[in-house]
Each structure stands twice: as structure tokens, then as C-alpha cells.
Amino acid sequence: MTTSLEGIFVALTTPFDGEDIAPDRLRENVRRLNATGVAGYLVLGSTGESVSLTDAESLALVDAVLDAAAPDKKVLVGTAREWTKGTIDFTAALPARGVAAVLVRPPSYFKSKMTRDALKAHYLAVADASPHPVLVYNMPANTGISLEPGFVVDLAPHPNIIGLKESSGSIAFLEEVVRRVPEGFHYFVGSGHVVYPGLEMGASGAILAVANAAPDLCAEIFRRYKAGDKDRARELQLDLVPLNKALMETYGIAGLKHAQDLLGFCGGPTRLPLLPPTDAAKADIAALLKNLGL
Amino acid sequence: MTTSLEGIFVALTTPFDGEDIAPDRLRENVRRLNATGVAGYLVLGSTGESVSLTDAESLALVDAVLDAAAPDKKVLVGTAREWTKGTIDFTAALPARGVAAVLVRPPSYFKSKMTRDALKAHYLAVADASPHPVLVYNMPANTGISLEPGFVVDLAPHPNIIGLKESSGSIAFLEEVVRRVPEGFHYFVGSGHVVYPGLEMGASGAILAVANAAPDLCAEIFRRYKAGDKDRARELQLDLVPLNKALMETYGIAGLKHAQDLLGFCGGPTRLPLLPPTDAAKADIAALLKNLGL
Amino acid sequence: MTTSLEGIFVALTTPFDGEDIAPDRLRENVRRLNATGVAGYLVLGSTGESVSLTDAESLALVDAVLDAAAPDKKVLVGTAREWTKGTIDFTAALPARGVAAVLVRPPSYFKSKMTRDALKAHYLAVADASPHPVLVYNMPANTGISLEPGFVVDLAPHPNIIGLKESSGSIAFLEEVVRRVPEGFHYFVGSGHVVYPGLEMGASGAILAVANAAPDLCAEIFRRYKAGDKDRARELQLDLVPLNKALMETYGIAGLKHAQDLLGFCGGPTRLPLLPPTDAAKADIAALLKNLGL
Amino acid sequence: MTTSLEGIFVALTTPFDGEDIAPDRLRENVRRLNATGVAGYLVLGSTGESVSLTDAESLALVDAVLDAAAPDKKVLVGTAREWTKGTIDFTAALPARGVAAVLVRPPSYFKSKMTRDALKAHYLAVADASPHPVLVYNMPANTGISLEPGFVVDLAPHPNIIGLKESSGSIAFLEEVVRRVPEGFHYFVGSGHVVYPGLEMGASGAILAVANAAPDLCAEIFRRYKAGDKDRARELQLDLVPLNKALMETYGIAGLKHAQDLLGFCGGPTRLPLLPPTDAAKADIAALLKNLGL
């Protein structure tokens, strides 16, 4: 395996124009982000409302990102479907070049049957078939499925499984994984609250929704950490907390897109069933951005 | 509204042939079921592994059922997608004729944002747009979203929302809805454990996975209840409990399909990530069927 | 075992006078309830705020109820503590005469260690030691522990375990137990929503908080059911639903006690941490009582 | 406020001798721990099986610890009861001298009624009445109640509320609290997995069950962190993870006490309903201790 990934990845939002996707606006966002210190992009993640897109729309968005991303930025793609074959087929439909890895959350509709054996069979089948390296994705808040650290450790030796995105924000999870996986396994935290603590305990980086709104702040946490300036990394981490709480937890993707609008990115509306932010939410978000000097 | 639905509906399984769907086998199952006392069919329900199908496969299965269903059998279709427009578009793609109602479970990926307001906006948009009457679907075990009785009561006056399928098996839910909805609102229980108690407390009928394996037993509970023979209805209900527990809870869809195979229907394999039943599961299912004289 | 229990039991509230318990007022409540059709009383249940009482207070309340209860009314006592020995010791401290059975909920603080084996060891030790017959108590909303129907079936043959109070309101639970326990096992529903459906499916009766406020209505459901007048039993059941919902779920014990005050019983305040009802809650409760003609 | 607390506190186990508590053995444990670098002791915590003790036993154990603790070790006492008055009364019954602070977990039996208002009224009443400074205790795994960071921030200005023990292990919780509370507020992590990350993000220390078995290792994490040797603190933290996972999660208090026995402390049996460890658990624990060189 030669893929090496580290740093801050932006879990891109998906711009819409009325009822349609707006790939041009996504290109524009990516071009602006190219100028920041982020390591790359995740397209079709949870933040990208990937569950609210058709396959054709999804592939058009991947093309847009591959087209607009600067050569030094890595591109990750979310390809999970609720069934194994669907995940494999969609992964196979991606462009052959330019995809650094695919991110695969577990199937979750048949929750009570998603035993460790079932999930293992799923991930092994996907990893065997995928032309791209695979990142496992733990996202219990959305899926209702909590992967176990030991499950990730079991999957880690597979030659095409190169890492994990862990979005519960648990440092305990990281600690239970980090010494038990092969050298070069990539552990990405998926919560803006634990970028610095995650790095300090052994993470490779972070894949972050909040980085759509605060790419420089997120990238600076990573840069300072790598430079050995832990005190500053910690301070920046704590600076990020109120905005990350507001955009990821209190207001969600609609709030994040409003923050993008305020900052000159193309945020725009969410697709229903996600409702637009209220006026109070908008005012709160504006105040938080101002506090951060953004 | 002229649609009137009552009795037992079979939540059809989806037969596969290797990697492909097998519409012919589904037709065969429906033709055999036509000879039983069931009121109709649900195609593309949870039991039909609808989350593991492409749109094209889904439409082919609907065609097969519409084609094979006897004229006196009503056909319901599950059309939920994770986003509002996707649900509307797929519903619009159904054949214009022959669909008695569509069944729509709530979007559930963005759980923390699926507030009452968000879900209400979703259902009203779907109901406004749908050319077919809509049944709301409460399925907390799979979606992680529990609709409230009061939420259903709020939606019930919409002219295109004709009822509810409630799969948590709560009789309390039924009791909190049944006197507060317009005359003619259809309340279907979605658990084989509560067919008779549900009918007794005011349900119109039941939409049941276990009816793939035991259509006559399920239909007989309904028939006896309507005939005023409550004692026999109760006994048959209690007879059904062990099989329903095994197929719906312990072994799931893979177990249900194995039961179909044993009974001469076309069950066959599930799609991954659902694993096949173990040998012990198969033996247990065979014993349960034998106990019921099936 | 000669104990035979059936009908409606009132899960008594505990009157307080300032910071102290008020056994005289409890006696007064019981004397009024003696004139109704209820079968007996549960003292020191969840509704009695038993977790908010010292042992000395608890025993004084048991004495009051034993003293005031009419000879034809059976008295049940809640005796659960978080540990096995504590439960045994408190049970042993009860008066030797007059206690028809004790009600024992599972220990729940060490949730993740309350395996089936641990709970079985607990119940067997308590049942072996108890001078009074034991009713198992399933109360997941308060304990966070869901007993399984199969667990109850396993315990049922013990000569000193005579039944179950099941407060989740699940008719499925009842159906999975009722045919698999020895003749004479007492199954009590613990939710006012499922008195009639529970009786119809095989329950012996109900132990109800709402019966503090509506003893005659609750007793009449039972009487009509036993008399074969199922239609009237069902209507009365549906009549009870809004009040039961309000007092058990929306407003809780503080609301129930306010209802008692309005009806001439001694309700009075709850102990903190339970807060008193708001004015809006009081108005709602008054309206619900009026609707029922109480 | 003059209380200043920092460092590692041992959440003491409670030794039993047959059916009785064994205060002499607890004294012996404390005397051995006095020789380690821990900052003090928590008596009557969750680990002390405090929910399985009578009040008289509880007070005897407090006396034993106050008696045996070296003068430089601070003593914390868990005093929560399910009701406000009970908590106040038991707190008032503690010795007047020697108690550095009391630890109060939220009442949890009436879960659905433990609103923010109810919990706030409870904590304010306890803090007003307590002769000892109060630490709030978040312990969702056992109580089923998750305190919110904002709730803790609201309580923090109270002059007698001096800090928090947070046992969910969430670093996000810490980050949302640490900048919003008065100078001198004590934030203790309650999970052995996050001692070093907690300190790095602003915690005062940790209150740890695993410190019964590995007091020196725990204390060394703190010492290295304070000495600025973060690399070594991190390595020791990761060393601690497998033992902490085994004793706190997999095997629980019974496993922890077995580890104490192996290490020459007085561990001994748990009280039922906690079951003794299996032979496989014992072998696993022995291996983990050997790996750590203990």
C-alpha cells in the first residue's frame, strides 16, 4: 500500500440550485479551499447529504471535485449503500483515477441483524472488490450502529482496508485501536471537537464538516501540532469548540451551509427533509463566526 | 376518498436468483397467495429488502406483483427514500393503475434533525405530490425514529393520507390514535404478535411479514374476529406467536425465506449484508412449522 | 401455593406532610378505596415514591395500609433494593401477616453487569429467602433494564415466584409468557393503557397508578370483562386512555397526586427531585377529569 | 473557596467478609495506597458498591478511610440518594472534619421526569444544605441520565459546587465546560482511558477505579504530565488502556477486586447481584497485570 493520508480533510457540503445539484458551485468552493492548508476533500459524505442524492447526481459531484481539486489535495469519496452489492457497484462506477480512498459506513437499516459477522462479511466483500482503498466509517449518531474498536482491529490487516473515520468523537476508541493496527493504518477523527486530542493520541488527521466554514482554523490545529506547538494547537482546538458544537450538533448541515454563505462560499439550501435554519439560528451562527474573526 | 382497505396484507419477500432479482418467482409466490384469504400485498416493504434494491429492480418487482395479483387483492407499495424529492420521484414512477396505496417510512439518516416539524414537512410534501394514497409507516426498530401518536393524529386529516402501518407492536399507540382520526383512517398493525388485539381495539387489519409463511393462519385470525368468534381468534393469535417471534425477531428475513422454502414458496437467499440462516436456525424453523401443522 | 390474585390493584401514592410521610392520610385514602371494586393495594411501588423513602418510613406506610385495608382487599408490597441482601433483609422486616405478595424490580445501577445469570441469581436468592410470595417486576422505563419473556418463563417454576408485573405495556410480552408458565402464574399488566387487551390475552389483572384517581373506572373494566361484556370493557378502556397518558406519561406522579386532590383523596406534594405540576398541567388534568365525569 | 484538589484519586472498592463489610481491610488497602503518589480517595463511589450498602455500613466505611488516610491525602465521599432530602440527610451525617468534598450523582429512577429544572433544583438544594463542598457526578452508563455540559456550566457559579466528575469519558464534554466555568472549578475525568487527554485539555485530575489496581501507573501519568513530559504521559496512558478496558468494562468491579487480590490488596468478593469473575476472566486479568509488570 502506497497511499499515505494525513491532515485535515473537508467533508464537503453539496450545493443545490433549486431542485438540482449545482456542481459548478461545488467546483467554486473547492477552488477556494485549494488555497487553504487542508489536505484534501471528502465528497459524498454525510455532510454532503449523500443519502439525498441519486447515483447520477453523486457521480457528477465526484467529477466536479476531481476536476477542481488542486494536484496536492487528496480526494476521498463516500460510497456506502445499504446493501453489499450496491456498495460494490457504486464504488466500481467511480472514475479510475484520482480517488485516494473510499469511505464506507456500515449498512444500518436491518439494525438487529448487523452482527459482527454480518458487518465483517460486508466490509470484506467491499474491500475485496473495490478498486480503491477503503476507509471504514463509524457514525453511530446517524446509523444507530456502533462499531467496536476490536472489530476495526480485526479488519485492519486486510490489504485494501487502509483506515477508519471515527465520528463518535471517542478518544477511548482511538486508544483501543491505535496500538493494535498495522503500521500505516490511517485513523481519522470525524468530530471537530477532538482534532488536537486525537492527533496527540495517534490519529493521522481529521475529516471534518466544520472545515467547510473554518478550513484555516482546522488546518492550523494540525500544522501547529506537527510543528510541536501543542499549547497553541490546544488553544485553537478550544477556540473551535463553540462553532463546531453549533454547526454540527445544534443547527446541523443547514446551519453549516448558512455559515458558508456568510463567509462567501456557496452554501445554499439543504434538500428536504432537512429544514432551513431559523432566524435565531442564523443570528447565533453569525455571532459565532464573528467571535472567531471569520 | 374511496379507498377502503382491511384484512391481512402480506409484506412480500423478494426472491433472488444469484445476484439478480427473480420477478418470475415473485409472481409464482403471489399466485399461490392469491388462493388464500389474504386481502393483498405489500411490495417493497422492509421484508422485501427494499433498501437493498435499485430503482429499476424495484419497479420490475412492482410490475410483477401488479401482474400476478388476483383482481380482488389490493397492492400496496413501499416508496420511501431518505429524501423528500427522492420519495416523490419514485412514487411518481409507479404505474398509474393498480396501486391501492403507497407506504412511506420516515427519513432517518439525519436522526437528530428529524424533528416533528421536519417530518411533518416531509409527509405533507409527499402526500401533496403523490398520485396514490399514502400510508404513514412507523418502524422504530429499523429507522431509529419513533413517530408519536399525536404526530399521526396531526397528519390524519390530509385528504391523501389514508392510514398508518405501526410496526412497534404497541397497543397503546393504537389506542391513542384510534378515536382521534377521521372515520375511514386505516390503522394497520405491522407485527404478527398483535393482530387480534389490534383488531379488537380498532385496527383495520395487519401488514405482516410472517404471512409469507403462514398466510392462512393470519387470514383466519382476521376472519374469525370479523365473524365474532373472538375466542378462536385469540387462540390462533397465540398459536402464531412462536413462529412470528422466530421469523421476525430471532432469525429475521433470512429465516422467513427459509420457512418459505420449506413450505414450497420461493424463498431463497437474502442479499448481503443479511447473512443466511445457520443450521441450528433452520432446524428450529422446521420444528416451529411442524408444530403449527404447516 | 394457595395465593390467588386477580383484578385491579391500586399502586398507592404516598402522602407527605411537609418533610414527613403522612400515614394517616394514606389510611384515609385506603379507606375510601375500600368502597370501590378494586382487588387490593400495592404499597411501596414506583408510584409510592418508594425510592424516596427510608426503611423506617417504608415500614410505617406498610403498617398503615395493612391496618386500613378491608379484609377482602389483598396487599402487595414493593421491597426491591439495589442489592440482593438488602432486598432480602427488607422483605424479612415486613409484618408476618397480611402481605399477599412482594413485588421485586431488578437491581439496575450496574446495568451492564445485569446479565441474565446475574438477575437469575438475584431473583432465586430473594425468592428462596422471602417469607412472602414474590412477583417479578419489569419496569424498563425506570430501571433501564428490560427483562426478557424467556427470563420470566425460566423463573416461573420456582414455588415462591407467583407472577409478574409487566409495566412496559407490551402485549407481545404477555403473549410470549402466558402459555409457557405454570397454571396459576399471575400476570399483571402495569400500564393503564392495556388493562382490557391484557385481560383478553390472559392477564390476571392489573396493578395501576391511575387507579388512585379512577378506581371505579379501572375496576369496571375488569368487571365487564369478567362478565363477558367485552364491548363495554373496550369502550371503558379507550375512555381511560387520555387520563392515563396524562397522569402516567405527561405529568407523572405529581400530576396524579394533583388529580387525587381534585377528587377528594389525599394527594399532596411529591418529594423532590419530583417537581410539582405547573398551572397548565393542573388545568389540563382538571379538564380530563371533568371529561370522564369524575 | 479554599479547597484545591488535583491529581489522581482512587475510587475505593469495598471489602466484604462474608455478608459483612470489612472496614479493617479497607484501612489496610488505604494504608498501602498512602505510600503511592495518588492524591486521595473516593469512598462510597460506584466502585465501592455504594448502592449495595446500608447507611450504617456506609458511615463505618467513611470512618475507616478518614482514619487510615495519610494527612496529605484528600478524602471524597459519595453521598447520593434517589431523593433530595435523603441526599441532604446522609451528607449531613458525615463527620464534620476530614471530608474534602462530596460527590453527588443525579437521581435517576424517575428518568423521564429528571428534566433540567428538576436536576437543577436537586443540586441547588443539596449544595445549599451541604456542610461539605459538592462535586457533581455525570455517570450515564449507570444512571441512564446524561448531564449536559451547559447544565454543569449553569451550576458552576454556586459557591458550594466546586467541580465535576465526568465518567462518560467524553473529551468533548470537557472542552465544552472548561472555558465556561469559574477559575478553580475542578474537572475530574472518571475514566482511566482519558487521564492524559483530559489533563492536556484542562482537567484537574481523575477519580479512577482502576487506580485500586494500578495506583502508581495512574499517578505517574499525572506526574509526567505536570512535569511537562507529555510523550511519556501519553505512552503510560496507552499502557493503561487494556487493563482499564478489562477491569472497567469487560469484567467490572468483580474483576477489579480479583486484580486487587492478585496484587496483594484486599479485594475479595462483590455483593450480589454482582457475580464473581469466571476462571477465564481471572486468567485474562492475571495476564494483563503481568504485561504491565504489576
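So that you can tell them apart, the chains are marked A, B, C and D in the order they are listed, and the count of residues begins at 1 in each.
To be clear about the criterion, a contact is a pair of C-beta atoms (placed from the backbone, for glycine too) under 8 Å apart; a residue touches a chain by one contact, two chains touch by 3 or more.
Quick caveat, the model's predicted, so the values are computed rather than measured.
Trainee: Would you mind reporting the rotation angle for the C-alpha fit of chain B onto chain C, rounded to the nearest 5 degrees?
Mentor: Chain B sits rotated relative to chain C by 180 degrees.
Trainee: Count the residue numbers both chain C and chain D use at their shared interface, divide by all numbers used there, and answer same if that is over half, different if under half.
Mentor: At the contact between chain C and chain D, which are copies of one sequence, the residues are largely the same (over half shared).
Trainee: From the C-alpha centre of chain C to that of chain D, how far is it in Å?
Mentor: Here the centre of chain D sits 35 Å away from the centre of chain C.
Trainee: Using mean CA coordinates as chain centres, what's the chain B-chain D distance in Å?
Mentor: Taking the average C-alpha coordinate of chain B and of chain D, the gap between them is 50 Å.
Trainee: Give me the residue numbers in chain D that touch at least two other chains, ranges are fine.
Mentor: In chain D, no residue touches two or more other chains.
Trainee: If each protein chain is taken as a node and each touching pair as an edge, is the resulting graph a line, ring, star, complete or other?
Mentor: ring
Trainee: Which residues of chain C touch chain B in the complex?
Mentor: Contact set of chain C toward chain B: 169-172, 175-176, 178-179, 191, 193-194, 197, 200-202, 230, 234, 237-238, 241, 245.
Trainee: Spell out the residues on chain B that touch chain A in their complex, using ranges where they run on.
Mentor: 19, 46, 49, 51-54, 82-86, 107, 109-115, 117-119, 121-122, 125, 141-144, 249, 252-254, 271-275
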